[in-house]
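Following this line, the structures themselves.
Presented sequentially are two complexes of chain A, the first with chain B as partner and the second with chain C.
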Partner chain A sequence: MVKLRIKTGSKRIIARYLLLLPTLLLYFLFFMYPVINGLSLGLYKYSGVSQVKYFIGLRNYADIAIDPQFHNALKNTFIITVVNSIVQFVAGFSLAWLARKYVRVGSIFLSVALIPIVLSFVSVGLMWTWFYNSSFGLLNGIFDFLHVNNALNFVGLPSIPRSLTANPSTALFSVLLTANWHGIGLYAVIYSAGLRSISPSIYDSMKVDGLSDLQKIRRVIFPMLKDTIALALVLVIAASFKIFELVYVLTGGGPGRLTDVISLYLYRYYASFQAGYASAVAFYMLIIGLVLVVIQFKFLRTEK
Partner chain B sequence: MQRKYLYATTAIVVIVIAALAAYWAWQMQPTTKTLDFWAPFSGEQATTDFWGNVSEAYKNQTGNTIRISMYSGDEFFTKLTTALGSGSPPDLFVTYGGGELDTYVNESAVADISNLYTESWAQSQIGAGVKDAITRNGKQYALPYELQTDWLFINRKVFENANVTIPTMDTGWTWDQFIAASNKIKAAGIAPVAMSGADSWSLSFPACYIHERANGANAFKDALTRTTNFTDSYTKAYSQLKQWVDGDYFQTGWATTHFYDAYQYFQAGNAAMFIQGTWAVGMVSNNANMTLDVVQWPYLPDQPTANKVIFGSSTNIAVAAASTHKNEAEEFLRFISKPEWQVKYAKDTTGPLAQTVTLPSGTYPSTMNTVLTAITNTPTLILRYGTMAPKDLGATIDEQNLLVFTGQKSPADAAAAIEAKAVQVLGPVH
Partner chain C sequence: MSLEYSPWNWFRDRFTRVVGLLVLILWSITAVYPLLWATFTSLKTREELFANTWGLPSNPQWSNYVYAWGTGNMGAAFVNSIIVTSLSIVLLFVISPMAAYALARAEYRGKGTILYILLAGMYIAPQVSIVPLAILLQSLGLMDSAIGLVMVYVASGLPYSIFISRLGFLSIPSSLEDAAKVDGLSTFQTYRKVALPLALPSVFIAMILEAIFIWNDFLYPLVFITSPDKNTLPLGLFRFQGSYLIQYGPLAAGIMISTVPLLILYILFSERIKKGIAAGIGVKT
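So, the complex of A and B:
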């Protein structure tokens, strides 16, 4: 009988890989396989209702690349991602800072800001649809009560449109306003947790040194919260890039396609028996998402 | 050694017990079946209630359960596509025919139910027109249930208050008369037309009519068969559509208003007209304060009014090819076609029946009777273009309608986009 002798070090390595194997298998099965399959489906004219497919090469990918509607959806997705990242960073951090500085009032603000997080995007979308409604919406009611438009006209400014969601110049703004109202609370909590993780002695020493709030934040707090900020940015970018339900309910991508986003664009093609084309869109989304992640990692590494 | 035997004996006993339990469970499983039925009628309470009642009655008679799932339009197609593609579709599902049914048939996703059509009830109840709509290569693939047509609905009170005369169904309006009436209503401070721009399917109703009135009933079919292109006819139609939109005849915020909100706006008396399918009659029937009237879409001045064309589509029920309960599914289709259920459907939902069944007087509200009489006097009933075309081309047409309506594309560019898609899907013009 021949016994295989395996060195202890090699045994450990094998054991590590064996332990990793189930995770890798699951990762391959539920992530890599769908990605590869999605990429290949994008090469077909494929309705999605059966396994019947017609190979058309890169036509879907080429059509998407030159489609102005895709460019528009991509542009809107980027605008939403950038604005959400900035607003939710600034507002979320400010709220967390105020909550730390003025504990009683601040914690009330923090709790109130957190309420929207427990609501689904669909509920939020419906609620804000009524809020923006041109006939019975609360927003117009407030504007009417305060004679906002009269005041604006008096100083020579144009009136605020009755329907923010339907007006081409304000539709995307209405989406951004709602998305940020929904999102700020979560980031305030994340930053608040980050601020609490900083030792009280550091706050005391900043006080002793006589630093202003801005100096404290810029010179001490931000460098110490780098990992928290990075995490929050990853979350907000991922959430904004995949935004779907809110836009679907609030504007449906309209008026026309002015507030269209990539996931909505994809959905429309899938619902009209163009699963091959939709798969190609999904692959573009993946590539763009990966690029964003890579840029972010590079940025973080440089910072470190 | 003894321990080994003990383990082995225990294992054998466990396996035998498990096998016996499985056999017992198999023996005990009910002989009745559960069938899934998916429909895109979410939010339509009367319709949902009807299907609930009919499935309960079917269960009482056969013991088989019909599990009904109601979805909204987009959600329905997304879920159905996924279910069909994964090989686990519902046993029965709704189809609007046209290009959608073509896809199901070409990809063997629906069962051939031609045998139903040889039965006497089907021969007497299902007319040639609706049968043709679900026939492919001489075989039938669905059961027509409802025939919805598109009309210009009128809130009589608003017209009377604005002192605008409502034309009769026979005389109708010319385009100029329609615009003049709209201007008068607008001057009275009411939106002439309630429009739902958030639902591109609803924009297809006026878009189809404008295309037909501008180019004739055969222009679209000719372009589909590639004897002509879509560019010329759509450029002409979209130019007129743009003029209409630029006249500002819709309610504020129409571009992001959904169908149901537009309907609410109309029935509350905030808009004078509503271009919709006949389902609007049923919806309005719950409002005792409203008197509904109906006219055909206006004609262009040089069009003879005798050349009447109405758009619409039939709602059909198909059996999935992958269903393991095809016999029961067909039995259910027979069951719902019984005259008593057809009458109940008409009464409960006010939905116009696709099958020919004698209805007791007073089944429908008077507006529906006007519509049904008009249909009988109409020589041509055309499937909505977005439905008639292959589904991918249909989606492009609906999309271009939306973009022209909202001023995001010029008529010429939108028409060119339709033609480009048609070349891709159907090939170049012969």
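So, the complex of A and C:
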């Protein structure tokens, strides 16, 4: 009997490995191998198209570390990550909290609010480029209608530039505005799922205790939602850290290279046939990503 | 226990309810307005767009769609996107639940390591590997081809779809699997006849979310596709924008062409998609 069980057991184990085989083959060839191969490419002066590679040691890494453009790209990525985290937490949670109070309307609202996630970043970027358009853009239309610039000048402030995406002082803001428009609905859905996982009796008892909404949220809801909040933050950070398409379409990293983010910085060098240099940038990205993951896991564990 | 009930409280409750509702409505409008605007714009001439930017088109220009589909190359891009997305999803649908099942309940040597290595892929930004991937595809002759894109999408989609599908397999009561074992079903039979059908809702959610991602992805085609007739939709849209004096009507039509299929998918499955997003988050802890 025992012998028989061991025999079927090992057969079943082989079966599991067979089930895993296609996944492992594809994953290693088209995912892990390139990641590992990329690590060494950063050590070469290499165009990416010719066969010629010059070993230059850590030159690329050093050049990147002291490049002000890279610092600028890092700074922008950092700003986008922080702003997205805050806005999408506050707005996403607030909308979820509101939606919970209206049984029917709330559910319809969440379905509508989630629509932006089915739009490609390219579509979103193009549409928003037109909203920011200096001649017929919706945003300028709203500003004109409300006489915003007039009011700003009246209190001694400068006007809002006609083209938000092209003006150095507002280009990054235009990226932030669009990115958050795109993301808020998703986080509203995530937080509302979290709110729904809290038992109804808790909501009832809060009602009886006569707490105000802010007191309820701060004292009862947030402590219970710690896991959801932490994970939602992980998602925002991961998404913001690799932001590429929106910046590429909205500002192209411009004006000049003012609104470059890390991935756009990397892509520029790949596209201009400096694949070695781009690989070194990728290595930095990988390291920063890993550090984020470690921080996140620490964070998640202490939250529990 | 009882709450004081005064006209003031009544008024305050009413007021906050109305304001809350207004906020929800306002955000709903903000969320869909760009899409509505693109719909209107796709039916306007250039002149009308400048004269009547916000309103309904007075004389719908369906020719914008014809132009986008033909001259704008969006038709080819549409077909290419269908090919790439469906091939990737079929492959993912076949292999990722298999792996997810193998990595769900059974304990055996190497399982933990394999699981970690696979899930680590979720944390590696795609930008990290575009350069070596381009070199790999070049050496395999898969650059500028649908198959190359499909391979990359499947490989990079595996971690997420395995993660979500695995949640489905983990939610099956283990007694069912034991029963199948007692009945003498092999592992493959148990997988195909017992486990997969029960985990299908989760697998399905993973496939919907992957399909949305693949359909909309821009980075991989940007790097791996060079011929204009091999564009997928987002890349086609981007190149369409760059290649002419910006033709707003036809471009907006291109946006609609690339969005409508996903919009239909979303309308059909929005409850499942919402649930999927919630499940992915809720259980990941």
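Going forward, the second predicted complex is superposed on the first by the 259 of 304 C-alpha atoms of A that agree within 3 Å, B and C clash if a C-alpha of one lies under 4 Å from a C-alpha of the other, contacts with A are read in each partner's own complex, and residues count from 1 in each chain.
Rule of thumb we're sticking to: a contact is a pair of C-beta atoms (placed from the backbone, for glycine too) under 8 Å apart; a residue touches a chain by one contact, two chains touch by 3 or more.
No experiment lies behind these values; they were computed from the predicted model shown.
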**Message:** So in the superposed three-chain picture, is A:Y267 touching just chain B, just chain C, both, or none of them (first/second/both/neither)?
**Reply:** both
**Request:** Classify the contacts of A:G48 with the two partner chains as first (chain B alone), second (chain C alone), both, or neither.
**Result:** both
**Greater residue coverage of chain A in the superposed arrangement, chain B or chain C** = C
**Prompt:** Looking at the overlay, does A:A193 come into contact with chain B only (first), chain C only (second), both, or neither?
**Reply:** second
**Asked** Counting only touches as set out at the top, which of chain B and chain C does A:L119 meet: first, second, both, neither?
**Response** second
**Prompt:** Which holds for A:A275: it touches chain B only (first), chain C only (second), both, or neither?
**Reply:** both
**Prompt:** After lining up the shared chain so the two structures overlap, which partner does A:A15 touch, if you call chain B first and chain C second: first, second, both or neither?
**Reply:** second
**Asked** Between chain B (first) and chain C (second), which, if any, makes contact with A:S135: first, second, both or neither?
**Response** both
**Prompt:** Between chain B (first) and chain C (second), which does A:L233 come into contact with in this model arrangement: first, second, both, or neither?
**Reply:** neither
**Message:** Quick one: is A:V220 in contact with chain B, with chain C, with both, or with neither? Answer first, second, both or neither.
**Reply:** neither
**Item:** Residues on chain A lying within both footprints (that of chain B and that of chain C)
**Value:** 48, 135, 267, 270, 275
**Request:** Note which residues of chain A are touching chain C in the complex, please.
**Result:** 11-13, 15-17, 19-20, 22-24, 26-27, 29-35, 37-38, 41, 48, 95, 98-99, 101-102, 105-106, 109-124, 126-128, 130-131, 135-136, 138, 141, 181, 184-186, 189-190, 193-194, 196-197, 208, 210, 227-228, 231-232, 235, 238, 241-242, 244-245, 248-249, 262-263, 266-267, 270, 275, 278-279, 282, 285-286, 289-290, 293, 300, 304
**Request:** Please give the residue numbers of chain B that touch chain A in the complex, ascending.
**Result:** 74, 77-78, 80-82, 84-85, 100, 103-104, 106-109, 197-199, 251-258, 265, 270, 391-392, 394-395, 399, 402-403, 405-408
**Prompt:** In the complex of these two chains, what residues of chain C are touching chain A?
**Reply:** 1, 3, 17, 20-21, 23-24, 27-28, 30-32, 34-35, 37-38, 41, 49-50, 53-54, 94-96, 98-99, 101-103, 106, 108-109, 111, 114, 117-118, 121, 123-136, 151-152, 154-156, 158-159, 162, 186-188, 191, 212, 215-219, 222-223, 233-235, 237-238, 241, 248, 251, 255, 258-259, 262-263, 265-266, 270-271, 273-274, 277-278, 281-282, 284-285
**Request:** Mind listing the chain A positions that touch chain B in their complex?
**Result:** 47-52, 69, 133-135, 162-163, 165-166, 168, 171, 250-252, 254-258, 267-275
